[in-house]
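In what follows, chain A forms one complex with chain B and a second complex with chain C.
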Partner chain A sequence: MPRDLELIRNETVKVWKKKRFAVILLILLVLVPIFVYAQMKIAQSSQDKFADWRAELRQRITDNTNALSSDRIPEEWKKWRIALVQQLQYYLDRDVNPNTPNAVRFTNTFLQNAVGLFIPLMVLAVASDIVSSERAGGTIKMLLTRPVRRWRILASKLVTLTLYVSLILVSTAAVSYLVAGLVFGYGGWAEPVFVGFKLQGTDLDTSAVHAVPQGVYMLMQLGLVWFSAMTVAVIAFMVSVLVRSTAASLVTMMAAVISGSILANMASSWHSAKYLFNVNLDLSVYLQGSPPPIEGMTLAFSLLVLGVWALAAIVVSFAAFTRQDILA
Partner chain B sequence: MGRKQGWLWPILGTLSLLCTALLLFGFGWALKDTWSPSAGMTLPDPAPAPQQGGVAWADKSEIKAIAIGDSLTHGTGDATGKGYVEASLALLSKSLGKPVRLDGNLAIAGLEAAKLSQLLDGKAMKDAIAEADVVLLTIGGNDLFRSAQDGGSIAEGSGVDPELVRARLPELEARLAAVFNKIRSNNPSVRVAYVALYNPFYELEELRTPLAGILEQWNGNAERLAAEDGNIAVVPTADLFRAQSGLYLSSDHFHPNEAGYARIAVRVAQALN
Partner chain C sequence: MLTDANSKAQARSHAPAIPDPAAPAGQPLSDETVLSVERLCKTIRGRRIIDDISFDVRAGEVYGFLGPNGSGKTTTIRMLVDLVKPTSGRVLVCGEDVHRHPDRALRHVGCIVENPEMYGYMTGWENLDLFARMQEVGESRIEEVARIVRLDERIHDKVKTYSLGMRQRLGIAQALLGAPKLLILDEPTNGLDPKGIKELRAFIRELAAQGMSVFVSSHLLSEIQLLCDRVAIIDGGKVIATSDVGEMLAQAEAHTLWLFEDPAAGRGLLSSDARVVVADGDREFLDESVLLALPGAIPTRVRQDDIPDVVARCAQAGVRVVAVQRVVPTLESLFLTLTGGGRDAEGS
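And then the complex of A and B:
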């Protein structure tokens, strides 16, 4: 066990020294202020236009209802809009503002939008070369000549990856909270958010709806984002074992993640696409109660699909790594 | 591992382990909340919006208006999408000498009076009406012309059967009365401008006379209801779309175009002040 810890420590420090995490932090520090500024502009313009949030919400509901009556919008957009209209109506009827500008709200919205593409890409920055870089640099030989079994070495890399994924997610939330707070204020932890909306066809089932504080919502959302980020990380880990070049493994995974976010927008009629991991990444839709990319997907289903993919990736990684002829 | 990095591992290791524990906890919470939700927070009961009422327009620094109804208020047919609402409020603002704020255009294309009356029971509409000084309203066109449809294309007038409408007219008129009543009960002092119906099929000779009678009856009934209420202005529009109706109707031969809406806007503003 002390030897395993030593291995993990070794790997963790190695990744740190490659400055990957520093780059991720830097990207966050550049991008988040841009989003905060955009959000601030939106908040300002709606403040000029509407007397209060209720008037704004009423207008939003009406606009979306009117958009529904157009025959030319695609069916899945319609479904998404119907769910949105009914949710907004639910908020309005209970006199709860779904859009109070504060740092917690901003962070939640940011995480929601980042889960499909932004966060996976940041995870890939660490995951894609965690094995392949050793091979490209030739250091793998030194690693494997130590008196430690191969699977233990790979396992220490996997643990290191898990630690970094967690660190990346918490940093993302922290940076967006801290930067947004400068503009919107640091409050909002206790404000209510409704969860538990269920979509039954085109009708929204509100029987299980209950309010949770925004802080709890953020924690739940982070947990779900972590699960999908871990799946991406583990699959990238497998690719990193199988592919010799870091560039190739990064491009493969980026292609997979990006095609997933495209598919999620257009695959509603291709039902078997729901078994692809990259269509299931956006777990926050289940928390929000908006329609999933493909009909019939539920939280349990998505977790199962992601879990199976992740497990398979781990099995393949270990099987390949322990048998690969590396020293030749 | 030199001595310089001695601090790195303890901090990094502990911090990332704590992050992992936190995220796992959040993940577990999300699962629990989805599959066996607790009762959740208790929220205060929503309070109804404060009513405008009591204060004369002259003493207000700003007049609040809302627009409700069907596609005419939504602005269907106007290439710029504005309809008559903004223009008439701008004219009203000029004649009053104070700002008039549009607090929302809540019109929904295709709305019928029965549905509007249902919406007026909801909290959203109740609050909107209660907070307003002016309500701009168009309704009834869909009730009349849809109930007249016998399967043909409505835009060409071919599907319109005047006899069908005439039979249902009393029922439809009661819906308008319900709409007026609900607006009034939500706000005793709000001034309402109801844009009366015009005949979009005036060009079609076989429909001109029968529809003229029906529209006259509908608009007359609206006038009577308005007079009973005392603070509802019925804005006549039938004459605007008679001569050269092609100039003022949009390409769907049913809704007004920009020029048509501009004419309605002038009348609405005049009726309000």
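And then the complex of A and C:
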């Protein structure tokens, strides 16, 4: 056991010294301020237009209701709007502002938008490289000729990957909270968010709705984002074991993730697409109570699909890594 | 009358056939078998790459693994250290099966397979530290091996700034970390300059003298001759002979090159001598750098004992001899002797 800790330490050091995490942090520090600035502009313009938030909310409800009567918008968009209108109405009825600008709110919105593409891409920067770079660089020959069984080496890499995925998520949340706080203030932890909206056909079932503090909502969201990021990471890990070149494994995974977000927007009539891992990545839709990309998908279903994919990827990774011949 | 054995072209790739003080002396070997390869086979996509290879390496000996490029040397070496799983057969290191218990068997092995590839973005020390942690080796041992390979001055520089020779030394330091009983080096002199090659040879002999077994692959016969006690010769995935290096060389015919002031007269004289066989056809088996050093030399086959008499006869006949040189058989000519001579492989 102490030797396993040494192995994990080794792998962590390698990723760290390769400055992978430093690059990710740098990307965050450049991008997050841009989004914060954009959010600030939105807040300013609505402040100019509306006397208070209730007027703004009413305007949004009216706009979306009007859009519903148009024939030109597709059916699934309509469903999404219906859900939105009813949710906004729910907030209005209870006199709760769903859009108070503060750092916690910004962080939640940012995570919600980042779960589909931005976070998977950052995770891939580590995951696609962690095994294939050893093969491309030839260092795998040194690594596998030491008196340690292959599965232990791979396990140490998997643990290291898990550590870095968690670190990336925490840093994403931390950077967006800290940067947004400069503009919007650091409060908002206790503000209520309503969760538990259920869509029944075109009706929103509000029987299970309850309020949770925004801080708790952030933790719930982080948990879901972590699960989907880990699934992407583990599948990329498998590709990294199977493919020798880092570039090839990175491109394969990026294609998979991006095609997932495209499919999620168009596959509503292709029902079996819901078994693909890449349309299930956006777990935060369930938290928001928005309609899922494909009918019949629920939080439990998505967790199960992602879990099965991740498990299969781990099994394939270990089976391949412990057996493969290192010929070149 | 032999030409200077230390002429540059010669020292680089060819050693004289006369006894060389630097050549391995027959030191006492213990009977303990450190590496035992038993009927190893490897089939890749229906093609038999390695075909029934067996040999043993004893404690404290330098064992040569000689074969042309593409003969299966590297695949065999990869099987010795569990990078490639054999289709059948087994490899035992100190009695432990490498493929069943790599964690136990590889404890006794240090190796460099092909190029010594390390993490370029880390320092030499950090690299050694990584590998030390994998096998419960302390910091003092890292210091020790860095000193042994004389890398202690640059050990805290990034590996990407190292020269090829320094990387090779770092690779050896890594291989020595766990104080192995068996050191496996795959074409270790590749890319080293003549001085580096000489140092490496002395270093390997020293390790063997301390009781370590060293397994060295090469495609150069002269390399094996200068370094090894015993040798296995591999061609086309099969071991065609295993033997004592001295015995093997005795079997292969050495050539003698003659350079005369008057080549035509000299050739006439040699052709008329019953003890000498002029072998112009063997020119292709001789090392080009040797031929370059003696342009116009006549290749012959003649027993070493007869050379003084032949030279004396030339002198009597007034044919002035410029140079006479014995050259080691090349791998190609050795193969011809071993396979063409109908000799059975001892190893299988």
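A few points about this structure:
Following the convention adopted for this analysis, the second predicted complex is superposed on the first by the 326 of 328 C-alpha atoms of A that agree within 3 Å, B and C clash if a C-alpha of one lies under 4 Å from a C-alpha of the other, contacts with A are read in each partner's own complex, and residues count from 1 in each chain.
The rule we apply is simple: a contact is a pair of C-beta atoms (placed from the backbone, for glycine too) under 8 Å apart; a residue touches a chain by one contact, two chains touch by 3 or more.
Since this is a predicted model, take the numbers as computed values, not measurements.
When both complexes are overlaid on chain A, the residue A:V212 reaches chain B alone and has no touch with chain C. Of the two partner chains placed by superposition, only chain C is touched by A:R3; chain B is not.
In the superposition on chain A, contact is made by A:R54 with chain B only, not with chain C.
When chain B and chain C are set side by side, the one touching more residues of chain A is B. In the superposition on chain A, contact of A:L169 is made with chain B only, not with chain C. Legend: residue contacts after superposition of the two complexes on their common chain; A:G185 is shown touching neither chain B nor chain C. Once the two complexes are laid over each other on the shared chain, residue contacts for A:Q221 go to chain B alone; chain C is not touched. Once chain A of one complex is fitted onto chain A of the other, the partner contacts of A:T62 are limited to chain B, with no touch recorded for chain C. In the overlay built on the shared chain, the residue A:P74 is in contact with neither chain B nor chain C. In the superposed model, A:K141 makes contact with chain C only, not with chain B.
On chain A, the surface patch touched by chain B in one complex and by chain C in the other comprises residues 9-10, 13. In the complex of the two chains, the chain B residues touching chain A come out as 1, 5, 8-9, 12-13, 15-17, 19-20, 22-31, 33-34, 37-41, 43-44, 46-47, 49, 64, 74, 101, 103-110, 122-124, 127-128, 131. The touching residues of chain A, counted against chain B in their complex, run 8-10, 12-13, 16, 50-51, 54-55, 57-59, 61-62, 65-66, 69, 89, 92-96, 162-164, 166-167, 169-170, 192, 195-196, 208, 210-213, 216, 219-224, 226-227, 286-287, 299. Residue ranges of chain C in contact with chain A, taken from their complex: 44, 75, 78, 81-85, 102-107, 109, 111, 113-115, 117-122, 126, 130-131, 133-136, 174, 178. If you check the complex, the residues on chain A that touch chain C are 3, 6-7, 9-10, 13-14, 17-19, 137-139, 141-142, 144-150, 323, 325-327.
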